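One structure, pasted below without further comment.
Each chain carries a letter (A, B, C and D) given by its place in the written order, and its residues are counted from 1.
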């Protein structure tokens, strides 16, 4: 078993209303030291495979399902072998 | 009895609550901006449905930092009537005036339809005109209505009779114990996902929500008379 | 980050404008006749977008002139954000439809969501409170993962935007045909209500008056795809960037409330207001100046920007959402700023109305555009288009039409109720908040949606309809049918059709056959509009709907609004009591070409359509409406896809009733799709008076029963449908298809 | 400037319908080697402060706003000094 964490974020130029609204809320709480908040999601995926094929699995499920390439990009980290 | 309908940025059922109270029940009701800091002169406050702050982050999470919230908390602590439907319910839980939280529906989808409910406590100021155990129909319209609380909290709620409405036949969102609406321990704060304010006129096909407002108005009047 | 812009000379030699959609002929005309010099980069970009079909209607304008757009009720016809119709008591209804087909094909959630957002802005820019949204969706058959994904995302996008705005999505239509697989149609309509005294226009006039920008900041969203192609981004960087527009319904909700406060309470501060839609700041500002014959000077440095280092070209062409442009009387700028601040929004002065008729843009201390306003808006080279009747239509007229054979009508009906175009759409419509604002008397799932007008006895009925199959077989007759069907839906609900809006969805107009389809169908629609006295008050054109060279069916969508004089006259489409008499209004002919039956049995759409008698059907509808207003009608349902048999079943769904009929039709005719027919139920007491009103247009057929059975004795047989079972099949068909693996 | 990534996940006892749905979808794509998917969100926060006070800021905005302790827990990583 290998645990992988896939991070999905908006591409650079995509408008992120959520991040914007949260930043404002943080400022209204008085935390002006916080300059910017970006929101992303991550998927913790448990894969039953060898190190070799895990990369292929991750690329496939990301591209087919987890990531919307019109707006998002992804990165992943192999966390540990469970 | 004077009622405040709070308007947050992104509230959108504020009109519905106002009209239900004003036009249908002929109650004394006023809109109150989230920017105001006090609720003097009001006897009940209502938090409408909608998408306060776009429901960005979590439903109701940002609204609870509005200027008006401390006044609502104080209001609730004084035992005055506080009612939240849909996004209003979500705000009340985020603010800690009601226990638990509302998660994304199990279907992961917004759902708008009429569902069957059971009145499981008719001793609250909001439900005295319903019969105990009565089945009623009310519309729901939400994406985040799955009630969650930890085991001990749920046991508390059940023991104290704080569960006021429960889904019958079909649980539309995955709420634990089929919970559709709860009060605080004292019973003066009610939060519920269904929309009674959408069910107050025969023309729109449903009047089952009307008695909730009538109960509240009657109990408000009683309270006023007792105070005199 | 900015790629160095080409000089006017380089533009002339490298011709980047070809990629931006400007032809060499147009470019030369601009250089030689309009400017008498070479346009710079920004100016060329402005011409390219303003002269695009989307903004200038250069291809479709000659055809659009065929539509009637005036009558005694029309207060505002085409040419503004939306059309306006008088509904009495000093009130008016405002509506328009818009297509977002191409954005939705690429990014279905945001494409659909921003389509809804755009049409809502058109409504409140007129000073009206949006009260309802509708959609018209056409997808491929539900048999591919991609199509299912498109359906789910488009529906989620429409609901996501409308629900958050608190505008109920109350109706619409959804059909499925192979031809829409690569190019789905996503059309949205919005209806608003206003006091006539609050009517606004999109004009910028009055020397020295301020041009103010409100709403979201400008980013590089949706800029003419060519921008990215022309700028020098490495491949890797390209994948890091996106030009897709993202909607922010929360921002739009604030913007709407603020604009409505401005238009309804402070009209004296305001000269004009317009939303920034297609081609953003460029089109909104020069249209506002053009309509008023003014000159405009804008300082682009003052435009609120979300991204660093934006060029003038990018600022002007950005299609960032949730933005409005105002023209404010000089001296009231601060008041306007305060008003918007109160909603957490920024209002910024970005320019002034100036002398003359020039369009003058400044950026970073230099002049980036200096051209006559009218050169962008009025001097467009209208294009002669070639027209040719398609071979298939020529041939179809010569061949005998297909005649079906139905041996087991019950089985065919059961199957037909499961065809996606006919089956229940509830799994989608229940994800729309159809009730918010508590005016929805009749929501999704009926002939038309009906909303009461609070504080009056009136109600408004609304519907969207389109049937590409008929238009494909015969554009002119198909166009008539599209309008008739919308009107029938309104009449069935007890409403008088007032006016219509449309989205004209077609393929590539440079193909003479497609241009012919466009022209013919508009002629057909226009003819029906004249007979029904329902002018076209707004609309939208979407061309180039093709995939791999295959065009969609020509699919004009009709959005219509009707007035119910008294809420007591709102008529349900569902049967109400046992013992009520069932009448069929209108005659049934052999109309199987383009029918659901034809598609189901043969898998094809073929043949020629029969002529339509518009006057006769119109008269029939008015008689029926009169009977309704006299309280003689209990329920009414118009007959469309699947004909009489399907309509009969539909009128019983959700009730505890059945129907028992005996009719003089063949088993096949039960499924014929002759236009302009209704099923009506009437109490026995009112029978005589009803028949009197209908003057021979209504035929008695049977009774409403108390068991869940549909029994129809026809010539030579009997249909015997278990309605409980049928309703289950109808309800589950789409969820089942959506779930199944391919 | 310090960049911090705050990870928010459901507590273990909380049912995560999204993770479940995604796991099913991945299986229907034929990726049976994927055993389990959990979904979380993260906030990339840019804070203008010293290393000392950044922890306080993060704790405060998480506890007040970003995390609902009825359902969720959080962790954070200081990514880099920008």
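We take it that a contact is a pair of C-beta atoms (placed from the backbone, for glycine too) under 8 Å apart; a residue touches a chain by one contact, two chains touch by 3 or more.
Owing to the predicted nature of the structure, the values given are computational and were not obtained by experimental measurement.
Among the remaining chains, those touching chain A and also chain C are B. Comparing chain pairs A-B and B-C by the number of C-beta pairs in contact, the larger count belongs to B-C. Distance from the chain B centre to the chain C centre is 36 Å, each centre being the mean of its Cα atoms. Chain D has its Cα centroid 9 Å from the Cα centroid of chain A. A separation of 30 Å divides the Cα centre of chain B from that of chain D.
For chain A, residues touching at least two other chains, in rising order: 17, 21-22, 25, 29. Within chain B, contacts with two or more other chains are made by residues 53-54, 56-57, 62, 65.
Under the contact definition stated at the top, the residues of chain C that touch 2 or more other chains are 248, 250-251. Here, these are the chain pairs in contact: A-B, A-C, A-D, B-C, B-D.
Chain A meets chain C in the complex at residues 11-17, 21, 68-71, 73.
Residues of chain B touching chain D in their complex: 57-58, 61-62, 65, 93-94, 99-101, 103-108, 146, 148-150, 174.
Interface of chain C with chain B (complex): residues 156, 159-160, 163-166, 248-251, 253-254, 343-344, 430-441, 452, 454, 567. Those residues of chain A lying in contact with chain B across their complex are 17-18, 21-22, 25, 28-29. Those residues of chain C that touch chain A in the shared complex are 106-107, 110, 216, 219-221, 239-246, 248, 250-251, 306-307, 320.
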